[in-house]
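In the two complexes that follow, subunit A is the common piece, with subunit B as its partner first and subunit C second.
Right, the complex of A and B next:
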């Protein structure tokens, strides 16, 4: 790898459009990108391994061959490294047998030394080698048993199998979170480039040369970085796999629900991968404007909480009650209250907080809404974390809710009811929260059995982030949407907005009602429809918070 | 018989020119002064272009044209002399540096002035310890004599030269891998474009030239481009230094005008003085160039065009002659082993293909070859030649295709030793149509 590298140029909405000729047909494509992206924009997928839109170009796998005009007429070139030029001629396998053959050949070489142990490989089902084989391979192979294979692997990991064949390394503990299978590695260099250029901590490299090359860490070192699990996503094969996910579930049985990182205000786009009501993993969802293709290990770990320590029913004076009993108690307390403090939450969606504002409206002058968080804020890491652990802080302030928890503490004596929704003040700062214990009625809505639930006089369980549909505004003012995955541990749970609307007596049934309320009271959101938000979010105009 | 062929690079061989005073007494460095510095960069590049000098590192690219691609006035321009000399059969650069290091320095001064170079490197193959010593000694003498360093000869021109030792990888002779290695990275070729002349070492314009190419410059400056162009034939101007090895009576480094018949090189008294045994074939330009049979060699000439017409190349000018006592099958296997070992492992077809080809050759040598193996080798070559980053894979295909075609009977005889040679035996994992 050289010191100098080129990042692929990705097409954008304002890319200049140019006409190129693909397989004899003129098509209009973005003019400022490479051929893989340009062809993709007109529905032609080019098989590739080493190319990744968010990593420097490497051009080593040679799978993406196309034909284009060069100094000596039409000739083979790699699509990932070939920039679009207006008027250029491009041939894909659809018109060029030469390209079809070249791709088949490269695929054959790719498989020459591959162990082909798909049945026991965790990547099977989402493996680029499998996918590209089906698209570009399927040729007759020249490999013969008596010629043997040169399995990839470090000398110290090699072993002889039962047939006497020299094998590479398997099941290597390369770091605290990742297992390496050296034999499966196709030396595409993606993980190396990720660690070097994205993580900024070069922990992996390809040692040795030729077919003796193998992927490894530096001597005596482990692969250990706050983003290292991204290498398991971008590894096109089953060489790098995550310890927490491997052998847990076959990927073709997983359903994917798009969502947003619930742990950080950057709002990294994620997939919730689930099956049969269980979440198995969180995966990055590509968004070039937010997190590119990366999420932090800490974000991935957020799924574990979905099945841990959940509050599935109600609590009244520390005793377990049904949800409806708890709700009835809350309703009574709110009706008889003299002065209610409603505490909004940046961990909840705009819809949830809008429902709280609607409740405040119903309570009239007896209610006052507070906002903010006591969780410590760290510095942005420049990759996929902003450092602010409150994902919807911006959204809450957009709804006109002030950051004024301190006032609630100092004026606690004025209130006889406080209602918290998914904001664990007793966890964030138990000393300050102590002051709130002067308020006789402490009502808590929470998905988890938290410190605040323990400090509450009455609590009720609600849906957690993965189970709800709704919007958040990230730290950069981008409106993003999370979809509900069908993974609620019990059917009876409701999203916060719905519980709040019960308390307000408005009984909203659809999240869209909460959204309409939000757009009605918040001018930056005015007239935005769900359909306008799209899967990659909508950048709000930088006008700032509305009050 | 005295050697009567024209001498450009080897003229000082055996004269003790390693010492600067001897080199100067033989006329060295006399032009590093007004003669050189009065020429504008443009005039100097034009002069080299008119001489018809072509790169001696293997590809034969016109040197003046390469220089003209170097952009001016922006980033610093680097000169890197390619002294990696890894091609099997080639050893001329080693001797050139041992015998006449000052000529290389003088050539670098000329190239440096032409391209506005302030910092130049000589990338020497790691094993060439004595050459490194010879160069370092010469460089310190040149610094002491005011011929390197700041303000050379009061001209205002400054040049520093550093000797960089490689680690002995063949691929580091490829210019972009060489630059990566020079920068401290793994020696692997870069994607092109950009070419080094535009963006090479540290992303700056970089001129990479072979030792011999640079060493021709002092002679061209001294005697004029026309005199150089007058040597040789057609578009192959000047002289070439050949490394001759194998079954000849006097192997060695010989310089002659381009266009010399190959048999004259092998048989003439002033060169190799004859073949030992009966000649079976000749590799004309280094192991990557397709082999010539005796019949083909009988009328082959040592210049770019004639060898291209014979389907081979002048390459780095490494002639390997072999007689009928040699086993061409094991010869080819030692070459396929070399390329499999030296593949940088970056791109798939070369990494897996050169190793595969070598494993096939190993089975053939071991008497376990199959009837289909020769076709298999050709298929592999056809597969990896057009699909790689650099020409190393194609360099493996050169010998494979030519040896198996031209000495087919030997290969068939080697395969015939296997009683099961006709049996089809596909890898159980690879039945056509099955996925695993």
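Right, the complex of A and C next:
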């Protein structure tokens, strides 16, 4: 059998619109897609397991059955593999008891040997099997209760549980980041297709046949790939779960804040999942134009830094002081300075960099703004990483800040004050940064206790990326917004734009004031409102982009 | 449909109030003389010297049930803390060392100052791990911290305090490994 599958065609804004008949009513849907997407566009959700908009079609779960008209009258077909045809007749469970019964029966088969693990399953709460059961299932089981669940997976993983039931395949270490539960698997093969077609490294396969089939890796190999944690997201049940989130929290307690990847210039869309001021995980946020449904493991791990090595107060000559003391010292130094070098940062939002430009405006000719980064740039991997570790490099250049850090090094003797904001020059290139130590006053705004903070004469803590609202421009010139999650470790911390506005004496209280300043000085951003950016970002016209 | 209650107008005697006061005082003095006559039948309890006897199904302070080997039955599913309207239950989970059991609590704390003793936690529990049948209703401590009951405290109960027909309370703790669990709890599943 060939391993070739079709990718589903997804509707777009300029799809041809056709009229189809759903449950006796004519509706207008995109004409170049499958029935799942077409029905979704008119608000009808079809339960499914194996179908995923960004994975090749497989059609093995049979859950998305609908009735459509063929040469022999109405008959069952799977919605994911049925293309939309103008004038076609479709029946959903709303009008067809046959479809409702068929879906219920498919659901019953899915559940025959699925364990009743929901209370201890990490997927519970975001599980497709649970959701689809509530929509399409809720039937009586025809399986004899005295037999109970049977385990048919890999024989070496069979055991008898504390209740004497036939169980197996629990807690299998399938790779360095993922745990497999064979018993929960419903064999939708989404993970297999992800590794084969998206990751491009076929590490998973379905072993054995029929009822005895189970997911496994090739003999002696482990599931280990830079994108392997995406298999835990697309797994419709709790068969593949991540070790880092294992038993940490229940998903229904988590709140979700939309944000963007702070570690890469592609700006993959993410959800910050947090509860009670703690970030528990980062999840991909679907954006067909940027990262589809995928994020890299490195992006996923970015939340761990939010609670480690944070700079929560001020540092003055290496001693810990309060934030206000450190800020007062900075203000004095800026006022008495003869020549100030302000170093903007591609790790900060447009608002933060705009606040730095406003500070430069207040200081007048005494100030000069520098930009750029010494971090090495890798090659794009074609999935969800551009390789550039500076997320807002494009945005900084959009604000008219040149990439001229080398000039700062060569002309260090001219300045008596340098202000760095969230750009760790001493970490990126300690040899070049050594030249900056000739500047007597080195002021640093940083969320972390970095090498630059240690080299600074005065440093003050600010909010990290997850705790601020702001915009970034990704490598393709897409303006994207990150929202603030309420996870700041200390209430006294401020976003960088607010601290910079204090230093400039303007005391902005709302991020919108920084945004208005940014739109005022930057013509490509002019007249863009926050509401226009939207959850999937706003593609800026290429003419306005500086490269 | 709402039930309409007709208000009865007071009679002249009732409106004078005097006769009604005499009637009420009569009841008071009746009890006074009765209690003087035989004080041991007095409807009074000298709390806290005498402990209040509450019925077995009265919702008192919580306890955690045990497996036969003395481990908590709790599987750290967070159902109780999810159901809790007062959000007084704090759970942290960890993988179990027993390969047949996946999840167990590392921390299980109930803040009795926050708890409203509604019983939704024991309703929600899928494995009968938390119960409120200790009949201990008076919880008194000197500091707020002491009101937060941790896992050792919740597991510290004596089978003697529970009725003889409560098999899980009687035989659960102190048994030998999980082999006994199947018999005691009647959880043997017959294979055909």
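Simple rule for what comes next: the second predicted complex is superposed on the first by the 529 of 547 C-alpha atoms of A that agree within 3 Å, B and C clash if a C-alpha of one lies under 4 Å from a C-alpha of the other, contacts with A are read in each partner's own complex, and residues count from 1 in each chain.
The working rule: a contact is a pair of C-beta atoms (placed from the backbone, for glycine too) under 8 Å apart; a residue touches a chain by one contact, two chains touch by 3 or more.
Being a predicted model, the structure only gives us computed values, none of them experimental.
Participant: Quick one: is A:212 in contact with subunit B, with subunit C, with both, or with neither? Answer first, second, both or neither.
Facilitator: first
Participant: Should A:148 be classified as contacting the first partner (subunit B), the second (subunit C), both, or neither?
Facilitator: After superposing on A, A:148 lies in contact with both subunit B and subunit C.
Participant: Report for A:246: first if it touches subunit B alone, second if subunit C alone, otherwise both or neither.
Facilitator: It touches subunit C, and subunit B stays clear.
Participant: Output check: A:165 vs subunit B and subunit C. Expected answer is one of first, second, both, neither. What do you get?
Facilitator: second
Participant: Who wins on subunit A residues touched, subunit B or subunit C?
Facilitator: Counting residues of subunit A touched by each partner, the higher count goes to B.
Participant: Looking at A:120, would you say it contacts subunit B, subunit C, both, or neither? Reply first, second, both or neither.
Facilitator: second
Participant: For A:76, decide between first (touching subunit B), second (touching subunit C), both and neither.
Facilitator: After superposing on A, A:76 lies in contact with subunit B but is clear of subunit C.
Participant: Residues on subunit A in contact with subunit B in one complex and with subunit C in the other?
Facilitator: Overlap of subunit B and subunit C footprints on subunit A: residues 119, 144, 146-148.
Participant: Which bits of subunit B are touching subunit A when the two form their complex?
Facilitator: 169, 171, 176, 179-180, 183-186, 188, 190-191, 199, 202-203, 340-349, 351-356, 359-360, 363, 368, 370, 376, 379-380, 382-384, 386-389, 425-430, 432-433, 435-436
Participant: Which residues of subunit C touch subunit A once you look at their complex with the stated criterion?
Facilitator: Those in contact with subunit A are residues 67, 75-79, 82, 93-95, 98-103, 126-127, 178, 181-182, 187-192.
Participant: Would you pull the subunit A residues touching subunit B in the complex into a rising list?
Facilitator: Those residues of subunit A that touch subunit B are 1-4, 57, 59-63, 65, 75-76, 81, 102, 105-106, 108-113, 116, 118-119, 130, 133, 138-148, 150, 186-187, 189, 205-206, 208-213.
Participant: Would you pull the subunit A residues touching subunit C in the complex into a rising list?
Facilitator: 117, 119-120, 144, 146-148, 159-167, 170-171, 246-248, 250, 252-253
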